[in-house]
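Chain nomenclature is as follows: A, B, C and D, assigned in order of appearance, with residue numbering initiated at 1 for each chain independently.
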Amino acid sequence: MKLHEYQSKQIFAQHGIPIPHGRVAAIADEVRAIAEELGGKVVVKSQVLVGGRGKAGGIRLAKTPEDAAGLAAKILGMEIKGLPVRKVLVDEAVNIATEIYLGITNDRTSRCPVMIASSEGGVDIEEVARTDPKKIVRKRIDALLGWRDYQGRDLASAIELPREHWRSFMSIARGLYETYIECDATLAEINPLVITKEGHLLALDGKMVIDDNALYRHPEIAEMRDIDEEEPEERQARKFGLSYVKLDGDIGCLVNGAGLAMATMDVIKLHGGEPANFLDIGGGASAEKVREALSIILLDSNVKVVLINIFGGITRCDEVARGILEALKKHKAKLPIVVRLVGTNDEEGRKLLAKADMMTAKSLAEAAQMAAELVKEKAPA
Amino acid sequence: MSILIDENTQLLVQGITGREGLFHTSQMLAYGTRVVAGVTPGKGGEWVLDGKVPVFDTVQIAVEATGANCSVSFVPARFAADAMLEASAASVELIVCITEGIPVQDMMRVRRALDLQGTRLVGPNCPGLLSPGASKVGIIPGHIAKRGKIGIVSRSGTLTYEVLYSLTASGMGTSTCVGIGGDPVNGTSFVDVLSMFEEDPHTDKVVLIGEIGGTDEEKAAAFISDQMTKPVVGFIAGRTAPPGKRMGHAGAIVEGGTGLASEKIRVLQSAGVRIADHPEQIPELLQ
Amino acid sequence: MKLHEYQSKQIFAQHGIPIPHGRVAAIADEVRAIAEELGGKVVVKSQVLVGGRGKAGGIRLAKTPEDAAGLAAKILGMEIKGLPVRKVLVDEAVNIATEIYLGITNDRTSRCPVMIASSEGGVDIEEVARTDPKKIVRKRIDALLGWRDYQGRDLASAIELPREHWRSFMSIARGLYETYIECDATLAEINPLVITKEGHLLALDGKMVIDDNALYRHPEIAEMRDIDEEEPEERQARKFGLSYVKLDGDIGCLVNGAGLAMATMDVIKLHGGEPANFLDIGGGASAEKVREALSIILLDSNVKVVLINIFGGITRCDEVARGILEALKKHKAKLPIVVRLVGTNDEEGRKLLAKADMMTAKSLAEAAQMAAELVKEKAPA
Amino acid sequence: MSILIDENTQLLVQGITGREGLFHTSQMLAYGTRVVAGVTPGKGGEWVLDGKVPVFDTVQIAVEATGANCSVSFVPARFAADAMLEASAASVELIVCITEGIPVQDMMRVRRALDLQGTRLVGPNCPGLLSPGASKVGIIPGHIAKRGKIGIVSRSGTLTYEVLYSLTASGMGTSTCVGIGGDPVNGTSFVDVLSMFEEDPHTDKVVLIGEIGGTDEEKAAAFISDQMTKPVVGFIAGRTAPPGKRMGHAGAIVEGGTGLASEKIRVLQSAGVRIADHPEQIPELLQ
């Protein structure tokens, strides 16, 4: 789960990381008031869960409260990469001398957290990683021993941070590690971490991603979820514990297991089709879960054909069949459906589906081929 | 004849009285696995499945009473880390964790602790192990495979069944099928299993089923190229998957260009692995 | 540094360990008020930093607030093992069904914390350890991994705690571990941990010892120090960073290094003398520190002879000599003093002392022998 | 000729610009120790002691620049744990920590981490090492000892000097003198050092100086009895010490009856160790 910039920075501040004074607002009048409080000169920053806000015009400097309100009115009407801006963060403007980078994430290759720093902070950090990888310094963290102050010093030294800032940098690194651990983050990032002309370090922007699997132990973070930022289908899927990603094609897929779901998509493509989604119903899905999964697909207006591929293990094919029938009944769908059921209770499942009007396939390849051809038949010649 | 588990595996089931634990224990017993004990805190002294399996309160007591040397865990995600550490502390040699949804920071700590203790972990979020005709530890449907000389290692669950099913349909048998799980931080890796298959006199050929993300397939390719003599056939799921939701800049920096199916296929092919276009093509490539 | 029962229990409660309702008081009238608040039936417990309070009559059950005030008046006038009782803890009386034991401390042999539990809680736990060691169960804790819940279950199972109490016991064990870690304790102990007749677990008594070396990071605990409980000499020694223990003999010892200080005491005894104290001035002591150290000895009325044994390494003998002279000047002492100075700047040191009237020895054995004989000479024949 | 340190030891001093660090560095240089680097965060680039020793900001940079393989630390107690971990992470093989007053929980974590990394630690709260005529790492006064064939290992500081002094006065020389420190949790133990002396062809006899508390002397007795061929002479300080302030019941349970001087002397004597009544008697017992 991604957090907004303003949420991330609030959490950072709780762990002793200095951030600019600022507040979030949803209407332009509030922005004016906040700007007045902050002394007039502020930055108005759109709060949407995508990158590239600056380039899209979603981050603007205002010289007066009036100016801030005007910019906020504009930004609050924008869409950035398809996401409507519903909130802005109003931060005091600071005098930036230098921008550096500091982030922590999981390094799955070495199975431990890794802290990353660079003297070249700002929007182009990934470009730096590609073109000048020596400017990116990493410190692996022993998962049991945790972060140690000397590691912060090693990083500060490696990015050639002037010595007068070491103490502050080490304290921020420690705070960022604590944030990462205490929130079960998979990412906590400060970019840029600026050195102001007055000589202070300040987390100007912040980003956090929380491990969904660990949200149960962070109810206060779970409550921060911004449902406005989700696709309605994805929200619905999450509600029922389904793993769903919307794609651009027209063959709706319902599969058990992530690997098999991806393989199913691959085989559809191999036969000239285009998957409309990734949908994994997980292991041991109930009829209800299958019904909701199929409903999501049936409600997607792009879908022309549905392919259901179930290899029963924990999942029982009869239960799946029941869910399919419930969804069809509910939505009175007329879409062609190709079903392939193998494994636990597959006989019973197939019997249940026999009454319904759908095509059955024996293999994954056959199912994919059938689905792809059905789409072509339906397409205007 | 098999790796990791065989007829002598004495299995302990953690979370045996839960719905899944109980169901799969009955399946494993039916398959012939020697399930010697179950553990559910607070239910020590009970017997489950018509008195076939005794339940203990702690792994330590279960191991002392029964000599179990392998554990399979169906414990819910929020207690799963503790369950693995408990089994490791009780000197269980092999832990197979089926549980999915374990927080990744838990797994980083558990993996480090288990390595220090010298405990082998398969999973989590995996279907477990099947040595056809000998033992089944986990949830892989036993009836879809038969004994033979092909070793299978996979990061996936149901996709593995798909492959087992098509092998069996083509008359081919399996020595051991190992589902290592798809979580970002897990126990046994592709390379670990490949080296066991390479050593196993009863395995002739190997099937590797990978997917997008991480660098485990790349490491496997290096190992195959440097140290394997047995032929390997592979399949990588996710060729058409959209680039994953990126984890900020740090994620991009750490992962770099790795993780893409096309890249994994390229390096595996360079290592001499024949890559199937779709799972059902695997039997053909094994011939 | 030892904490009082009431202080330990307050800290326990902050970590989720259930304790009886109660408050501390220094005068009998307050005790009456507290007892009224708590419903009348209370236990009045002397707060002194020694064991054996119960046997000494320092823990009494009161049936009424009046009764409580009367008992408190008595207890507040007591001395227990030489320590005057200045405070009492007034706890609600509880109905005890069972007494168990739970404690955590450092196991120096395995270099890790160890949690200890026993079904036989109460005052006789050490007796149990001697006579029935199987009743004492230990769990070593990996210093990096920390306490894990399954270990609490292992302990609960091993002491045959009824299952309905496991969850509560595990939570208390977790809380006790957290207390131990977060306070840098060297001991945190609940004895007894009772099961009430109503079926609740409750920490009836509590004891904590804090690592003096770690007090700098726990200013809130350092403030809890009860200076009334220290010997005045020890308080003075602590103030100047000296390690001092008062003993029963008459030869005052001033030595640098704990091992050498103990060896000096041993050699004094070997020659028939009795050391009046252990005093280690530490490494690199300044003249001021030496002056204060010698002052403590000179002010001890039991001391008949002083033995100063310095082996200079970091410690400079001239600095020591200066400190000795300052102390002698200040106290105009007439006690015989035997000095042995060897090592860094010993020549200069000896020169400085030559003017003063004291005996010098070449070896430790000689110094000890001289001191012991001087005592005998002074003793009435 | 010596154990742990010799002419080839390339020393790094952590906390070199502090009062003690600077003083003892000058002493070590004067003794002939090859002090190749110092570390004080924020002072990298400076030189100390008339330009003899370069100062670096971090241990890693110092090691990369100078090849230091041994570190001695004078870092204040509150930063000492971090300093040891830093040296260990930078692959320094031997760390000698002079600092006293380090919290015991810090040391439990540090010791575990250093063991995992395979780093040898001597101390903390110790006088360090002296191989007369070859190298001095720490604060043992060099002039009180001369080269010879007696190995010394001690938990004490000044008491060790006392013994060195009386050996020298009796014309006896020392191969290496190792002060392991008296803290409850430390690095190298009596047994570690005894086994090195047993292996060292240039050590003929060994002196062990123990004190009350802990069980290190008892373990040493077992080792001497089982595996040592060289004669050992011992002294245990604290025969007349009052029973220590006990750490509650838990302390009594954990420590049991151990830690008393009389008990330590008894087991060492049973192992064939000759125990001196007072430190100055040791040379006599070595003859």
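Miscellaneous remarks
The rule is short, and it goes like this: contacts are C-beta pairs under 8 Å (C-beta built on N, C-alpha and C of every residue); 3 or more make two chains touch, one makes a residue touch a chain.
Computed from a predicted model, the values in this text were never measured in an experiment.
The chains in contact with chain C and with chain D alike are A. For the pairs A-D and A-B, the count of C-beta pairs in contact is higher at A-B.
The distance from the centre of chain A to the centre of chain C, with each centre set as the mean of the Cα atoms, comes to 55 Å. Between chain A and chain B the centroid-to-centroid distance comes to 28 Å (mean Cα coordinates, whole Å).
Inter-chain spacing, taken between the CA centroids of chain B and chain D, is 48 Å.
In chain B, the residues that reach two or more other chains under the touch definition are 109, 113. For chain C, the set of residues touching two or more other chains reads 142, 144-145. Taken together, the chain D residues at the contact with chain C in this complex read 20, 24, 77-78, 100-109, 111-113, 127, 139-141, 144, 154-162, 165-166, 182, 184-185, 209, 211-212, 214-215, 235, 237-242, 247-254, 256, 277-280. Residues 101, 103-109, 111-114, 116, 125-126, 129, 136, 138, 142-144, 181, 184, 186-187, 189, 191, 207, 209, 211, 213-214, 216-217, 245, 247, 255-260, 262-263, 265-270, 275, 278, 282-284, 311-315, 342-344, 363-365, 368 of chain C touch chain D in their complex. Residues of chain B touching chain C in their complex: 41-42, 44, 57-61, 79, 82-83, 85-86, 89, 109, 113.
Interface residues of chain A, counted against chain C in their complex, comprise 144-145.
Against chain D, in their complex, chain A makes its touches with residues 142, 145, 148-151, 153-154, 157, 163, 166.
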